[in-house]
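The two complexes that follow have subunit A in common; it is paired with subunit B in the first and with subunit C in the second.
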Partner chain A sequence: MKLAKTVVLNGIAVAVLMVSFGLTGCSTTAGVEASGKTGWDDQGARILEKKVVFNNSGLKGDIEIVDVKSAMAGDIMRAQATLRSRDKDTLPFQYRFDWYDANGFEINSGGGAWKPLILNGREAKTIQGVAPDPRAKEFLLKIREPD
Partner chain B sequence: MKKLFLILPILMLLLACAGPKQNFQFLEKTAVDQNTGLTWARNANMPGRQLIWRGDDNVYEYMKRLNESNYAGYADWRVPTKEEFTTIIEYAKSMGYDKAKMDSWPYQKLRMLGFIDVRDYEYWTNSRQSPTEMWTADLTTGKVAPRPENKPYYLWPVRGTSSR
Partner chain C sequence: MKNGMKFLLAAAAIGALSLSGCASTIQYGDAGSAKPLSTEFGSSDLQQIAESMVDSMITFPPMVELTTGRRPVVSVDKVKNKTMQHIDTESVTDSIRARLIKSGKFRFIDRTTDAQTIDEIKTQQDSGLVDKNSAVKFGQQIGAEFLLTSNFSEIKQKVGGTTDVYYKFTMSLKNLKTGILEWSDEKEIRKVFKRGTFGG
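Entry: the complex of A and B
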C-alpha cells in the first residue's frame, strides 16, 4: 500500500515537472525570427550577418525564409526577406520589422505594427522594411501566427 | 687652368645645392613616382579627416566614392600596401633625415617635395597583420608597423602597380 502511494506521488511529481517544463517552453515568443546585422569584412566592405530563429512555432514547418538581405538607401537601412510557404493550403500570418542601433538598443521600441500577410499554397513572397532613422544598424524580422 | 680653378668650386656648390634627384613628376592632382611607376594623389589628406576601417563612412566607402568620381581621370585608386609606403618614406628619408630635427621628418620632406597636406600622423596601408591589426605608416617617424584596426588613421590613395 505504502509502495503504491509512493509510486502515485512520484507520478504526480513527474507530471507537474513535465507540465512546468512544457509551460516554460511555451512561454518563449512563438514565431519565426530572422535578424540582420550590419558588419564589415576585412576589407572594410559592408556585409549583412544573418540569423533565422524558430521559436517553438507552429509556423516552423509551414514557412521557410528563403533569403534575407539588406541595403543602404543613403544612410537609411532597408531590409528584405523572401518567405515561402511549405503548406499546400493558404497560410495567414503576421510580420513586423524591429530596428536596433549599433549598440543593440531598439529604436522606436514597440512602435512597429504587425502587418498581415497571406501566402497561398507553396507561394513565395517578398516583404520589405525601412528603418525609421539612420541610427538603425540591425533589424529583426518577427513572424507569428495571426491572433 | 686658372679658369678651371674658378669653375670647379662653382660646380661643386651647384651640385651640393641640387640635393637628391627629383623622383616625382607632379601634376595638378597626382604625382608619379618615376622609380616605381606608382601614381600618388598629390593631396595626402583628401578626406580631410582620419577614417576608420570598419564602420559607417569608412576607408572602403571613401575609396569607392573616389573611384566612382573618376578622380584625376582614374577609377582604380586604392589604399597603398605597406611596401609602397615604405618606399615613399625611404625616399623622403634619403633627402636627409635626422630624428632630432623636425623639419627632416618624412611628412615635412614630402610637403617640401610638392605633396599637399601630408599629415604628421599614421596612415592606413591595406596590409593586414591579424584579425584586429593593420599595418600603418607613421609619417612622423617613418615607422611602418602593425597597429590596432579600431583606431582612425589618415588615408592617402595610390594607383598603379609598383615596378620595384
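Entry: the complex of A and C
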C-alpha cells in the first residue's frame, strides 16, 4: 500500500513536470503588428495610413500600441511607435521593423533582426525604426514575446 | 490493480514526454533571433549595434545635408576592441559598411584588399596581356574624405550567481581634412545572467 502511494505521488510529480515543460517549451511567437503606409492627400501633403493587428490575443492584454507615426529624414523614411504596458510587472518583448517599397515589395526580405525591448510595469516607451534605403514607403512593425 | 496503476502512470509519462518533444533535433534557426544564450557577445548584439549605428548616422541632420546630392567616400578603421573577449570586430564593421553602402548615402574604399589590387594592376600594366587603352593605371583611386573609427568596451561584474555585462560601442566619423568629428554615437547593451537554483 505504501509502495503504491509513493508510485502515485511520483507519477503526479512527473505529470506536473511534463505539463509545465509542455507549457513553456513551445510558446507562440505570433504577436502584434502595426503598419504604416505613405500616401498623399488632395493637397499633396504626406499622410500615413495606419493599421494595428493583434495576432496573439494573449499579448493584447499585455501591450497597447498608443501611437504610430512616421517622418522623413532627407529621403529616408523613419517610423516611431509608442507602446504601453498593461501589466504591472516588467515584461520582455522583441520587435522589428520590416520595410516595403512603393510596389509593396519587401526591402532586404528576411534580413531584419529582432531587437529586445523591456517594458517596466505600466510604462510607455517609444521605439523607432529607420528605413534601409530611400525606396521604403511602407513599414510593418512586429512585436512578439521572446522566442 | 497495483500493476495496472503503474502501467497507467508509465503510459501517461511516456505520452507527456512525446508531447513536449524532448528528443534531440537539429533545425535551421532564425538568423535574426534575439534570444541571448550567454552574456558573451552574440549575433543579435552585432545586429543591434550595426543597425543602431547606421540608423543614427543616416538620419543625423548634418549627415542628411552632407549626403544630399553626393555620396562621400569613407574609409573604415579597425575597431579598438577593449573587451576581454576575442571578437571578430571586422565582422561588425563589415555589417555597418554593407548597410551604409545599401542606404545609397556613402561610398567606401577598402584597404584590406590593396595587395590584390596592386597585383592586378601590375599584371595589367606589365604582363603584356592587356590592351594598353583599357589597362588600369596606378594613382587614379579616389582618396577617402572621411574615416569611420570605433571603440568597443565592456564592464563585467560578477556577484554570487549573477553576471552582469555592459557593452558599449562608440563610433565616430572623422573628416580627414579638418580633423573634425562630423558624427558620433554609441550603442549600449546590458546582458544579465542569473544562475538557476538547479545548476545550469
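Rule of thumb we're sticking to: the second predicted complex is superposed on the first by the 117 of 147 C-alpha atoms of A that agree within 3 Å, B and C clash if a C-alpha of one lies under 4 Å from a C-alpha of the other, contacts with A are read in each partner's own complex, and residues count from 1 in each chain.
The working rule: contacts are C-beta pairs under 8 Å (C-beta built on N, C-alpha and C of every residue); 3 or more make two chains touch, one makes a residue touch a chain.
Every value quoted in this text rests on a predicted model; they were computed, and no experiment measured them.
Within the superposed three-chain model, A:115 lies in touch with subunit C and out of touch with subunit B [touch as defined at top]. Once the two complexes are laid over each other on the shared chain, residue contacts for A:133 go to subunit C alone; subunit B is not touched. In the superposed model, A:44 lies in contact with subunit B only, and not with subunit C.
Greater residue coverage of subunit A by touch, when subunit B is weighed against subunit C, goes to C.
When the two structures are aligned on the shared chain, A:104 is found in touch with neither subunit B nor subunit C. In the overlay built on the shared chain, the residue A:146 is in contact with subunit C alone; subunit B does not reach it. Across the complex, subunit A is touched by residues 2, 5-6, 9, 12-13, 16-17, 19-22, 30-36, 44, 47-48, 51, 54-55, 58-59, 61, 64, 67-68, 99, 102-104 of subunit C. On the subunit A side of its complex with subunit B, the touching residues are 39-40, 42-46, 75.
Those residues of subunit A that touch subunit C in the complex are listed here as 3-4, 7-8, 10-11, 14-15, 18-19, 21-22, 25-26, 73-74, 76, 78, 94, 96, 108, 110-116, 128-130, 132-134, 146-147.
Across the interface of their complex, subunit A is touched by residues 53-56, 58-61, 126, 128, 131 of subunit B.
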